[in-house]
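As written, the chains take the letters A, B, C, D, E and F, and residue 1 is the first residue of each chain.
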Amino acid sequence: MTTSQVFGQWWRLRVRALIALGLLWCLLNNRLSLSEFALGVLFGAFVLWLTKGFRHERIWLEREWKAIFLLSDFLKQMVIANFQVARIVLSPKINLRPALFVLPLELDNDVAITALGNMITLTPGTLTIDVAPDRSVLFVHCIHTEDVDATRKGIKESFERPLKEVLRCSPKRVS
Amino acid sequence: MLTQAGFVALTLLALGILCSIYRFLVGPSMPDRILALDTITTLVMSQFIVLGILQSNRHYMEAALLIALLGFISTTVAAKFLLRGSVTE
Amino acid sequence: MEWVVSFFLLFGSFFAFIGALGLVRMPDFYTRMHTPTKATTLGSIGILLASTIYFTAHTGQLNILEPVIILFLFLTAPIGAHFLSKAAFRLGVKPLVQTLIEKLPPDSSPELAEQKSKDVSN
Amino acid sequence: MELQVAIVIGTLFATGIYLLMRRNTFSLLLGLSLLSHGINLFILASGRIRMNAVPVLDGGKVSLTGMKDFVATLPQQYADPLPQALILTAIVISFAVTAFAAVLVYRTYTYAKTESTNLEQNEPHSEPEGGEGAWKP
Amino acid sequence: MISLWFVIGLPFLASLISLILSVQVKRRNVYAFISAATFAASLIAALPSLKALTEGQIPQGVLPWVPSLGINLSLRMEGLGAMFTVLILVIGFLIAIYANGYLQADDPPARFFGALSLFGGSMVGVVLSDDLIALCIFWELTTISSFLLIGYWFHRERARYGAYQSLVVTALGGLALLAGVLMLGYASGSFEWSQILQVSEKVKKHHWFTPALLLILLGSFTKSAQFPFHFWLPNAMEAPTPVSAYLHSATMVKAGVFLLAKFHPLFHHHPLWFPLVGGVGLLTMLWASYVALHQRDMKALLAYSTVSQLGFMTALLGLGTEEGAAAAVLVLLTHAVFKAALFLSAGIVEHETHTRLFDELGGLAKEMPVTSTFAVIAAAASAGLPPLNGFLGKEFAFEAAHHFAEKTHSSLLLFLLTIASIFTASYSYRFAWEVFFKRPPQPYTRVHEPKEFLRLPVILLGSLCVLMGIAASWFVQPLFSIGASTVSEAVPKVKLWHGFGVPFFMSLVAIFGGALVMAARKLLTDLHLRLPQWNGDKSYDLLTKGLLNGAELLTNTLQSGSLRRYLWITVAFVIVGTASLLLQGGWFKFPAIQPVPPTTIVLSAVLVTAAILTAVFQTKRLLAVFSLSIVGVMVIAHFILLSAPDLALTQLVVEVATLLLFLAVLVFLPKEIADREPPAAKWQDAALALFVGIGVTTLLLSIFAFPFETVSRYYYATAKELAGGKNVVNVILVDYRGYDTLGEITVMGIAGLGIYSLIRLRRRLTETKSEKDEPVYIDLPPEHWTLGAQGKGSTPLIMTVARIVLVPGLLVGLYLFWRGHNAPGGGFIAGLVVAALIGLQYIAFGENRVRRAFHVNYRVLIALGWLSALLTGIGAFLLGFPFLTSGYRYWHLPILGEIEIPSAMFFDLGVLFVVAGVVLMVLSLLGESARLERARETAEIKADERAKAR
Amino acid sequence: MEAVMQHAPILPVLVPLTVTILMLLFFRDNLRAQRTLSIASSLLLLVFVTFLLVKVNAEDVIVYRLGNWQPPFGIVLMVDRLSVIMLYLCAITGLASLLFACGELDERREKTHFHPLFQLLIMGINGAFVTGDLFNLFVFYEILLSASYGLLALGNEPYQLRATVQYLVLNLVKSTLFLFGVAALYGVLGTVNMAHLSQRIAILDNNAQRILVDAAGFVLLTVFSIKAALVPLFFWMPDSYPAPAAAVGAMFAGMMTKVGVYSLARVFSLVFHGTESWAGNWVLPISAITMVGGVLGAVAQTNFRRLLSFHITSQVGYMVMGIGLFTPAGLGAAIFYIAHHILVKAGLFLIAGIAEKLSGEKDIREMGRLIRHPMTAGLFLIAGWSLAGVPPLSGFWAKLFVIKEGLQLHAYYAVLAALLTGLLTLFSMTKVWVMAFWGGEAKRLKQVPATMIGGAVFLVAFSVIIPIVAEPIWRFCEVAGKHLTDPELYIRAVLGSEDIMARARP
């Protein structure tokens, strides 16, 4: 590993994490100022040092713009999903056709799988029930669907593919 | 306007809590009841925030923050208990 | 400003209520899972937005704790739901009769397959 | 508000005591929890009920600075902070003791093989011979 | 007089020396010598005082003890006391010599002679004390030493019984005496007898005069074995015979008589004096002399005879005349000598023949002529035959009685005395006849005269019986004059021959009548045995048994082992007490109610519902726990409504931790039990609970109704400028009342340490019986509930979120800590947030994996937390301020700007450490336990399978 | 030195805590160091308390403002003669029990937090004795209680665990009542400082509020009565004290109920001085019932330590009788009684521990001729008879002082109860002697470590020493009692001359 690679990784992981934590600190304190940020970075470093034993893999975002696009798409879907749910709930007679189906996974890291799982849960009529221990499939419940394949395809198209591009993961650290 | 909206919001949230209590009472399964508990927690958190708006008072925000951060631990623990019969094993 | 805050308040509380109402009205556990996790979370988000707008306008300075709360909600709310439904599923809480249950692909784990066949046979 | 708080507190006391009187150890834990909720709210209420009166000093409130004009009453927008501080102490203590009680209940079940809260009279108190040997290695 | 202290101190010293020597020395001679020598030395020490006394001085000495209450160790040798002192020391000396011969090789000597000396000293104390409290002290000491000596052969059940009984009976009297003495003390203003006598007129008018008399009489009667307290004395005969002779005949039992004589001047005009003292004395004398006749055991005979003689003395004192009292003193003196001789010879007989039963004895006059001679002399003295000392005393007494009878124009007294004397004579004859002259039931082997040690005292005392009779003016008069001077102003001369008067006639009737009765003894005994038997022992047993049964009943009712009952009584106590105060009325006022949005009513209603649900679901435990969680959430909501965000935050994290904890514990318990409690019990409890609830509610409402003044304004006024914080609650917590918080984290840490011990002190599981009120466990399908449940306890989703949330979550925790002084938050909340987040790792990854990732020794963490809080507090010492004095300071740092750091923050940091440490310790320990349990179960299952496979 | 001594009032609390911290930080597995530290702590406490004694003799009431806050806003410590006596007793009992424990406990038990818990128990007890704040008293109650839970269960014997469950629940109910009482008082009077409460009650002019204060007072009376194990509220004690190690039992037996008696004396003499005549109406009758009820309980027992536990209740009755008389001499007698009883009862528990170790039995009927171990027999005779009030041992004087004052105040029924109880105590203690030391079968006796004997000797010696120096002790106690009857003394010392809240009144 070259120096620049090491530096690059350090930069990508630590500094970004510290910046994020500094920002979080500012948000928590409701004050965007350099001194607050600096304090946040300081505390963040402390917390990172404290929890170093818990980190197994290194994750980072790539193509941030795409991430933002994904997020906005997700939010939109989520609102739509809720209107659907509202309609179902408020309809005088609830007539559903739920389904339990399997979603084969192409994601290679747990963070991405988790993100997908959460998105599925928060969006149109679907709910992640389980993950296969070998992480090959998700088991999903759908509140109402006429066509399972279409639902599956929809999820893969709108969430799984972008996630795969956005989230990167390093190999597991050898401890 | 804001007061009325806040009032309506509080009422809706309170109704929501009543609905959840109904589910908690009726069940039938244990997960149903845990779900009801989880929902109540979230609704109560929402009530804090509405109350904070009505009182122009931000001191309840930390409570909401903690519910968002830790509320799911209760649900998770309960679920793990059902699933595995253990908690921190 | 008041209008915006009021809107978000009503929006949020409406969905929060819908979520809870779903808890009453939905026919089985798995369908009941959906409404609180989605609607109630969205409701909370709406109310949080109302709050951040209100305080920002009211105090004249940025109030940004709420996004953090929303962030945490996004992260944690579905996890609870997921784990709970998994538990229910493993415990054998039966889904609605008309639920379509898909066969597992052959290469998935034997554990899941076994579990599934049991469920289907019910 | 006063009436409903008083009723809530009364209920917590009543249910707490009822549960303490049950015959199995786990119910004790439930009862203790309810009772401690009840007493905490009672302490809070003893400082009178003030709504929208968070005891944090910030710009929005009339300043109460200075001892020169000290009076013993609090304006309506100030909740009494002392009971709150006392309750915090009480909560922590009752949490600690409840934790101990919970583990005790568990240990009583595994080692004494019982969940009964009753103690038979004159039951043998003797420990097994040679204390040390009785321990698991 | 200094020598008085030697008189009383030497025997005590001997006792102490015996105790110390007992560690090393085993030889009996040593102890006997110490005991006898100190008695002798004590007697010598008494001589100067006696001389002074005869010269008209009263020797005294005072040692202040608790002078501020007027209690002193003051000695004063009056006549009666002096006489007693001589008696005690002389007989004590002889007894010590005798006992050296009497005890066997395997009788531990130190205990015997130690107690004997202790008794001697105490008895001298009784008779010499002027301070009545001191008298009571010595009085009790004689009881104690008597107890130890009666139980000397404790391997005999009868000895233990006798000792115990004598202690109880005489201690009862001792306490009464103490109470009486206290009353006298208050009535007179002093505990010194000499002082009391000087103000006797005042005392007699005091309303405590009669109660004091009654109490003192009770003390006296029990000690002197007067009816109906006489029964302990025959049982005391289980003591070695020298003890019987010394304590239970010659001296200790006479303490009661001594007391009557001592108090005679004060009380004898009291209208109750004659009926009580005289009546009880006569009754005792009659009854005991009659009973003595029928005893099978020679020591029992002597015991009853002693009781009878004590009754005689009491009766004489009861006459209330100076002459009567003087007669009592004379009888006492003579009785001490002949009865001691009798006991000692009985001891010799027992020592030689190993029996005490008349049926097995006889004809010993032939086997041991010397002993027999003196024993028979003593018996003759006891029978009242002239010219022995018994006759001397009796004549004197009859004379006194005769005078009294003349004065009261009633000869009933004389008649009764004569009857009793007939019995006295007859049992004395019987003793002599059956032991020494009657044909023995079987011939003796190896029975002969005893050793000199044994014989010498008998010879001495027996001779004294004669000498006191024939040379009364030499051997009786000096001592008698001294002794009687206390009770009688003019001391009469003693003489053997009073002429042919009524007294002599009475003696004659007694001597011959006694012979007749003795002849008809068999007939009388048969008759006696046919009568219904009353026995003091039986009453005593019945009484103690009743006491024990009653006590047991009471205890089993109160301390029944039922927690429910305990709680009922406790709660009922509070209710009754407060209700009795509140029934005065006028306290209830309905408060003004602040209006609230109706939605808050929903919150309260849900809380109430959930609380009731918790109670209803208590046997379905999971449900109950979740109901409790709802209660918790609603309590949080109430805290928010009532303007207590800090409380809400705290309760919130506590709620999470509590649920974690309860479920972690429920892992090991049955998840559901059958409800087997009777519904009636539950309704009763519910009714009581409802009562409590209503009470609390009304009380609270009433408190609300009054205007409220509080110290709290001070905190608002000073929090910012003096303590440097804006969150007043937190400032109170870590500053104004930081000491409470130090206590609170101490409790927290203690609970942690306790839990650690509970879990880590693992024991082997042993099979124990199942109990009758054990709950019945419902058999739920095992895959649902047991540790062997199917399925993984985690998923990648959980693990990932747990991991992701950890870092920002901890930052939130830090934020809550950092801001705590100025906004809701603080060390406790932060600590629990930290704990919850790391707890989440435990949930997601399991205790084992987390332990590898997170190397923290939680016990050290707790200690560090305490240390941090402690050092913050102690830091103030350096500046000369009290513990926990806080300071705050603004620091200007590059980039970070101005940062305020109050010293209280380090205190709060301590709180954080302790809280996090304890919660995490508990979670990891419970996790570890569950893992071990599961491993054990798996091993068991495998073993089962292997067994099945074979 | 002077610099340290000015903080003497807080040191009895800080020393045990410091020692505990050291143990947990550095000597978690080093038993020898733990023992050394524990004993050093006890000795240090004796030294500091002696300083306090000197100081209190000069100043009567020492007030220590924690955090340098002006009372009643901060917490104050308030040390008077009574406190000093109690602190001494705690240090002495603690030292003896520790010595005993070193011989008695098996190593694993001792290592698993015996010493830390024991030190923290001492900390809690000491804290309760010096505080001048009602809520703070609650906190220290909780410290000593939670330490006692830990010590009670230490060992995980089935019986221990079950006894701890009951003990814990009853104590938690008591704690709840305590908080209830404090909160109700605060709701009416707006303060939790004891001296300030007293001052505020004195100027309370509203009758309804007065009744509410009385009711709160009754709740607190119940709390302290439970703590003091008065009849009929003593249930938590008889079954729990036989459960733990004898060293722990001794410390409990000596100190725990006395904390209740102390609190009763302290809180009711100071805070409720001006209210309802609680002493005559409640305390005195309860004391009579307690004496008799307790001793009747004892009479029925044959388990050595359970029997002794019932005696605690009955003996506490005497102390409470002294308090109920509420005169300087009555209170002085109560204090004298406390001093005597703590030492002798702890000593008896240690002796019971020795007897159990010697014979391997817990029932006096099974012990069998313990007189063969003359040291133990002698110790028991002294301690047992001292308890029963046999002169000239310390118990006699204690009873004498109480009864004397009772008689003077014409409290006849209480005096009668006291006398009767004395007799029954003698009956019961002698029964132990007759059954365990004289009676039974002579089985082989086991070895007992010297430290166990040493601990017992140390305590029993006081039964003999106290009578010798009865006069100075009594005078000290009487002054302590006199001060208790004078709340103004404390109010002046704590609050100064001016009432900050009274000033605010219109």
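We take it that contacts are C-beta pairs under 8 Å (C-beta built on N, C-alpha and C of every residue); 3 or more make two chains touch, one makes a residue touch a chain.
Note that the coordinates shown come from a computational prediction; the quantities given were computed from them, not determined experimentally.
Asker: Touching both subunit D and subunit F, which chains are there?
Answerer: E
Asker: Please give the intersection of the contact partners of subunit B with those of subunit F.
Answerer: Chains that touch both subunit B and subunit F, as defined above, are D, E.
Asker: Using the stated contact rule, I'd like to know whether A-E or A-C comes out ahead in C-beta pair count.
Answerer: A-C
Asker: Farthest from subunit F by Cα centre, which chain is it? Let me know.
Answerer: Farthest from subunit F by mean C-alpha position: A.
Asker: For subunit C and subunit E, what's the span in angstrom between their mean Cα positions?
Answerer: Each chain's C-alpha centroid was found; their separation is 69 Å.
Asker: What is the distance in Å between the mean C-alpha positions of subunit E and subunit F?
Answerer: Using C-alpha averages as centres, the distance is 17 Å.
Asker: List the centre-to-centre spacing of subunit B and subunit D in whole Å, with centres computed as mean CA coordinates.
Answerer: For subunit B versus subunit D, the centre distance works out to 23 Å.
Asker: Give, as an integer number of Å, the spacing between the C-alpha centres of subunit F and subunit C.
Answerer: The separation of the two C-alpha centroids amounts to 57 Å.
Asker: Out of subunit C, which residues touch more than one other chain, so two or more?
Answerer: Answer for subunit C, listing residues that touch two or more other chains: 14, 19, 21, 33, 41, 63, 65, 68, 72, 75-77, 79, 81-83, 85-86, 90-91.
Asker: Which subunit D residues touch at least two other chains?
Answerer: 20, 38, 42, 45-48, 52, 54, 56, 70-73, 82, 86, 89, 93, 96-97, 100, 104-105, 107, 111-114, 117, 119, 135
Asker: When you check subunit B against every other chain, which residues touch at least two of them?
Answerer: 10, 13, 17-18, 30, 34, 56, 59, 65, 69, 71, 76, 78, 80, 83
Asker: What chain-chain pairs meet the touch criterion?
Answerer: All touching pairs, sorted by chain label, are A-C, A-E, B-C, B-D, B-E, C-E, D-E, D-F, E-F.
Asker: Sort out for me which residues of subunit C touch subunit B in the complex.
Answerer: Contact set of subunit C toward subunit B: 2-3, 5-7, 9-10, 12-14, 16-17, 19-21, 23-24, 29, 32-33, 36, 40-41, 43-44, 47-48, 50-51, 54-55, 58, 63, 65-66, 68-70, 72-73, 76-77, 79-81, 83-88, 90-91, 93.
Asker: Tell me, which parts of subunit E touch subunit F in their complex?
Answerer: Interface residues on the subunit E side: 19, 22, 64-69, 133, 136-137, 140-141, 144, 147, 151, 154-155, 157, 160, 163-164, 167-168, 171-172, 175-176, 178-179, 182-183, 186, 547-548, 550-552, 554-556, 558-559, 561, 563, 566-567, 569-570, 573-574, 577-578, 581-582, 584, 586-589, 696, 699-700, 702-704, 706, 708-712, 714-715, 735-740, 743-744, 746-747, 749-751, 753-754, 756-758, 760-763, 768, 859-860, 862-864, 866-867, 870, 873-874, 876-877, 880-886.
Asker: Could you pull out which subunit C residues touch subunit A in their complex?
Answerer: 14-15, 18-19, 21-22, 25-28, 30-31, 33-35, 37-39, 41-42, 61-65, 67-68, 74-75, 77-79, 81-82, 85-86, 89, 95-96, 98-102, 104-105, 107-109, 111-112
Asker: Could you list, by residue number, the parts of subunit B that touch subunit C in their complex?
Answerer: Per the touch definition, subunit B meets subunit C at residues 1-2, 4-6, 8-10, 12-13, 15-20, 22-23, 29-32, 34-36, 38-39, 42-43, 45-46, 49-50, 52-53, 56, 58, 61, 64-65, 68-69, 71-72, 75-76, 78-80, 82-83.
Asker: Show me the residue ranges of subunit B that touch subunit E in the complex, using the header's touch definition.
Answerer: Those residues of subunit B that touch subunit E are 7, 10-11, 13-14, 17-18, 21, 24-25, 30, 33-34, 37, 40-41, 44, 47-48, 51, 59-60, 62-63, 65-67, 69-71, 73-74, 76-78, 80-81, 83-89.
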